[in-house]
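Note that subunit A is present in both complexes that follow, paired respectively with subunit B and with subunit C.
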Partner chain A sequence: MKETPLSNCERRFLLRAIEEKKRLDGRQTYDYRNIRISFGTDYGCCIVELGKTRVLGQVSCELVSPKLNRATEGILFFNLELSQMAAPAFEPGRQSDLLVKLNRLLERCLRNSKCIDTESLCVVAGEKVWQIRVDLHLLNHDGNIIDAASIAAIVALCHFRRPDVSVQGDEVTLYAPEERDPVPLSIHHMPICVSFAFFQQGTYLLVDPHEREERVMDGLLVIAMNKHREICTLQSSGGIMLLKEQVLRCSKIAGVKVAEITELIQKALENDQKVRKEGGKFGFAESIANQRITAFKMEKAPVDTCDVEEKAEEIIAEAEPPAEVVSKPVLWTPGTAQIGEGVENSWGDPDDSEKEDDDEGGSDEAVIFDSIKMDTEIEVSNTGSQDAPIVLSDSEEEEMIILEPDKNPKKIRIQTINAKQEKAPSKRPVRKRKKKRAAN
Partner chain B sequence: MAEAAAVAGESLGGGRARAARTVLGQVVLPGEELLLPEQEDADGPGGAGEQPLRLNAGARSRVRVVCGPGLRRCGDRLLVTKCGRLRHKEPSSGSGGGVYWVDSQQKRYVPVKGDHVIGIVTAKSGDTFKVDVGGSEPASLSYLAFEGATKRNRPNVQVGDLIYGQFVVANKDMEPEMVCIDSCGRANGMGVIGQDGLLFKVTLGLIRKLLAPDCEILQEVGKLYPLEIVFGMNGRIWVKAKTIQQTLILANILEACEHMTTEQRKQIFSRLAES
Partner chain C sequence: VEGAMQTDAKIRTAGGTEPGPQGPGCSLRHFACEQNLLSRPDGSASFLQGDTSILAGVYGPAEVKVSKEIFNKATLEVILRPKIGLPGVAEKSRERLIRNTCEAVVLGTLHPRTSITIVLQVVSDAGSLLACCLNAACIALVDAGVPMRALFCGVTCALDSDGTLVLDPTAKQEKEARAVLTFALDSVDQKLLMSTTKGLYSDAELQQCLAAAQAASQHVFRFYRESLQRRYSKS
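Coming up: the complex of A and B.
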């Protein structure tokens, strides 16, 4: 899609506003837009926001053989991409002039300034070196791509950790992050680009131009500097004549801005380190919910649990002991008895149990507790209890206690005891035999 | 609120169609299916009064329903194609039907016939101008489509000028066509916009909000400074006040209005009026 053209009226308004030292977003001449740095879950991944301009930086590494003329140096590779997502005017898969210019500037700013110790990336001289690749993606374009990209690149490099390696003879061992902590790159200094836009043949100067200011500017001066006020790159484009004093003044401004930004970067890196140590979620990973687009979440209500035990004890102490349940035992058939209402199985399918109820009605002994029925059952149990010992004598291990009805409790108990006594001696020899077998 | 959340959650989980009447003013998502209440339904109040919309149902139960932006008819189903709040407008005759649409937030403009937009002239070619309106392709504007223009008397339009006009042709896959006159041949406010002032872009939702008949923002803004303002349905606003400072303030206020509650807005306006 074609770029939205700039109308005459916008151009005129912008220039007049700049003459009056006013900017569209209310900034002063030397003000930067808000810079926000956030990190991803992986090392070496960050998003830098400069106002509405957003750049995603991702660093990756690989073991490769070095270049022939530099056998002991690692390789640095920078790649900035302008996707169509950033602005509809960017065409995918085509190297536009702007892209080439930006990539070249980034390389000069970061590689040629030797901010990264490439010799420390050497594993085996002439055979294996680390290749560090910095991928930068422009996510949204609102002017001043180069500043945002240079910040994103250096932040991602500072944040990156490469796997540890050890060399024993010819053997190179690569350690997973679980085995050995990954090592950070050795970075000597942090060069940061600062852009100055010139209007009316250099009469007016603005720091950090946004997209529409970039469109009406006459010339652009980019100064890459580190916090020691060493100029790493200086590039003037747009074909305007700058005076010596102007360049000097710009470099002074750049020094101040770079100091501010470097401090911000260091603070962001420290913050991230701290959060990582605590094991929380960090960076923009925080905003990614658990693979859900929308979530109707209930907020967790904080509950004070420090005095729960005391409270529970208090409640237990204060509460009255439960009333003793006096249950009338029922003996259904000889050998089985019931206390309370425990016969009914409440775990089954409700529908099924209902059906059963319907089918069998009151005839089933298990369901209905009529007083009349109780009486009859008790009678049954009385009669049945006399035969009980015979049934019981099955096994010694199963202790069966028959809870007797009111009438003749003693009798039954005696009978059961008798049964046990009678049965016991007959079983003992068998056991002994078993033991002997085991001994043999 | 909790109920609304529960309803939305259910629809997300189950994927069942919801009755359009019950979700009016609520958020709908693309792919959702809506049910329209069928008039004169034989089932009566006791039965399932709501069935999937049948646009080709018998003439007896025919109700005129218009699917606005964000809704799409697919066979005899009504599908949501945009994310936003479902809106409904009763027809003037009453008795069911009416217009349903989805109020969504977006920046990309798609030309619609009858919309008033602000365009930027990008080229003069023969007897037409090419005008950028923010759509997928530029619109064409005949030089005869200005008030009082004849073959001899051409309007004075330069490349880069702002045009306030109206779409007369806006079809899918076709070049849209603009005019700067109404059906009586009058300009009616349309034409070339002056050389001063500031043009800025906002979301389409904000434009609709500002142009709503019951919108208070414009009246409040008008009390602040004397101003000239033009709204284009394509998300462009042109504003001009006496000084650059005032114009900038107005532009920033209008942009900020999108995410402010009425109270916040009133606070800011009163603070501005004092200073």
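Coming up: the complex of A and C.
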């Protein structure tokens, strides 16, 4: 499905509002939308909501052999997917420009900033390392995917626990979560992306643009920063010229925003850990707001299955006994046997195909005749490139048999069989051609 | 890879004198659902059965690609996305089962030459995944206002090695089970819409599972009704 286009008056309205320092959702210029973080029951699973933008993050791990040039380092892998659920314009299984750009930016933000200690992921140098895979799924697109995705990625990484391993000699033992507590990843810092949208060639600036604002913006500046105010990545897209002061101002704003978000993330992580430790209820079921009328819960429902047995017996008693199936194989022709009754042969009656065979035989002769005629004609004209048309006529014949656009699929099948059967007669013109060549 | 296959009851006729399922101990895990939680799709729902959670989004009836257009009914498309990695054969097989079930109840002829797309995202898998997918799809279709002949629900039954019937099994119970059977039932007279099974069982057990699924479906449909009542209530 195509994206609904933005009308000119909508565009003008949005730009006018921005000029007047107003935003559609009532935010101020530097305001972020509400961020909500909820965790799943598994480790390393979280949903981050940034306003209406929603990203699901899941971290998983696997023991693999390391890259040759990095024998002592674990592997980090990021994969952001734009699900069709997020917006109808996203097609499944297509690498759009946006997706490539977002994935690259995420990698730069999280892998290249070395926020995860990859050396601690090494189990046996050169042989076994942990591969950490971060899957991010965009569930709802309401602008600023990159900020939501970067938050989801770092939250999921912080929440993740990998199984404990021990190495004794050459033996690597993997412990189940029941045997030994899984261990968290060692995280040096938490880089978070902050997006700035520029309008009217950089005159106006907005933090955390929503989908509508993204569609009318001229340029985008993404700054990835951690709470120590270290810039991890900086990317400007859209081709606008920015002044030095503008970039500096943006980095200052980013510092404030990142500090706020980091605090929020830490609080959410602490909360989840506390609940898990106390043995309380956790998971997505608990994060559904109960007071909403769109949400509804039902406690465990016992199902009365006492009469199930009687019911089943009744049905079986009423049902006709299954027909005795003949399980003796019947040999039709060498190579074709039948076990049981089966269904009717959909390949057509043998008589019918024979008839077809005759027809085909007739047309085949005509074709042969044609090719002979052609040959004679060519002989008359005696041009240099005689071979080509002859070859053409040969292939034409075969094509005609296979691709004849018949509405009845049965017939097509029969014809394909015939094509195989006719291999022998179709050789005739070839032989002839060879003779001709010899004559030439 | 799960070797899910649609089977005919009579093919697997065995002894038929297996010990029957025990009545008590059969219960559905706690259910929760939230509707209309995504802003972009026409209808959306998240459905939780115990720790299994599915998020569903429905687009439609909407514009259809010319190559997929059907001139006398709507084109129904189901996309199931796994949580980790790319969709594989197991997902494709489930997609097909869900699509066939939906096609049986959605009144596609009312919207010819349109597309109805159901996107399902696995949020967490803790057993009875297909049943949860079906339930999420149904609620999302209702939320999108797609006309349907009846509602439908999915119920999974597992049979232990000693023939004990477990409704709505967890991942662990599914793993230990001798057979896992998933049924899709409609809400009008609890008739079977789809069945997929894995493992060995007798015909008597199949009928018992079906009867148990029908009993369980009453609870699911009551849950649907109550959640919809709440949704369209004023408070």
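Rule of thumb we're sticking to: the second predicted complex is superposed on the first by the 284 of 440 C-alpha atoms of A that agree within 3 Å, B and C clash if a C-alpha of one lies under 4 Å from a C-alpha of the other, contacts with A are read in each partner's own complex, and residues count from 1 in each chain.
Everything below uses one rule, namely that a contact is a pair of C-beta atoms (placed from the backbone, for glycine too) under 8 Å apart; a residue touches a chain by one contact, two chains touch by 3 or more.
What you see is a predicted model; the values in this text were computed from it and never measured.
Enquirer: With both complexes superposed on chain A, which partner does A:16 reach: first (subunit B), second (subunit C), both or neither?
Expert: First partner only, subunit B.
Enquirer: Between subunit B and subunit C, which one contacts more residues of subunit A in the superposed model?
Expert: Answer, by number of touched residues of subunit A: C.
Enquirer: Where does A:24 make contact in the superposed view: on subunit B (first), on subunit C (second), on both, or on neither?
Expert: The first partner, subunit B, only.
Enquirer: Which partner does A:41 contact after superposing on A: first (subunit B), second (subunit C), both, neither?
Expert: In the superposition, A:41 contacts subunit C only.
Enquirer: A:7 in the overlay: touching subunit B, subunit C, both, or neither? Say first, second, both or neither.
Expert: First partner only.
Enquirer: Does subunit B (first) or subunit C (second) touch A:300, or do both, or does neither?
Expert: Second partner only, subunit C.
Enquirer: Is there a shared patch on subunit A that both subunit B and subunit C touch, and which residues make it up?
Expert: Residues 1-2, 294, 296 of subunit A touch both subunit B and subunit C.
Enquirer: Can you list the residues on subunit B that touch subunit A in the complex?
Expert: 5-6, 8-9, 12, 120, 122, 132, 134, 136, 138, 158, 160-162, 193-200, 238, 244-245, 247-248, 251-252
Enquirer: Taking the touch rule as given, give the residues of subunit A at its contact with subunit B in the complex, in rising order.
Expert: Interface residues on subunit A, with respect to subunit B: 1-2, 4-13, 16-17, 20, 22, 24-26, 294, 296.
Enquirer: If we count contacts the way the header does, which residues on subunit C are in touch with subunit A in the complex?
Expert: For this pair, the touching residues of subunit C are 10, 13, 16, 20-21, 23, 26-41, 44, 46, 48, 51, 53, 55, 57, 59, 62-63, 79, 81, 83-85, 115, 117, 119, 121, 123-124, 126, 165, 167, 203-205, 207-208, 210-212, 215-216, 219, 223, 226-227, 230-231, 233, 235.
Enquirer: Quick one: in the complex, what on subunit A touches subunit C?
Expert: 1-2, 40-42, 45, 47, 52, 54, 56, 58, 60, 81, 83-88, 92, 133, 135, 137, 139-142, 283-285, 288, 292-309, 311-313, 315-316, 322
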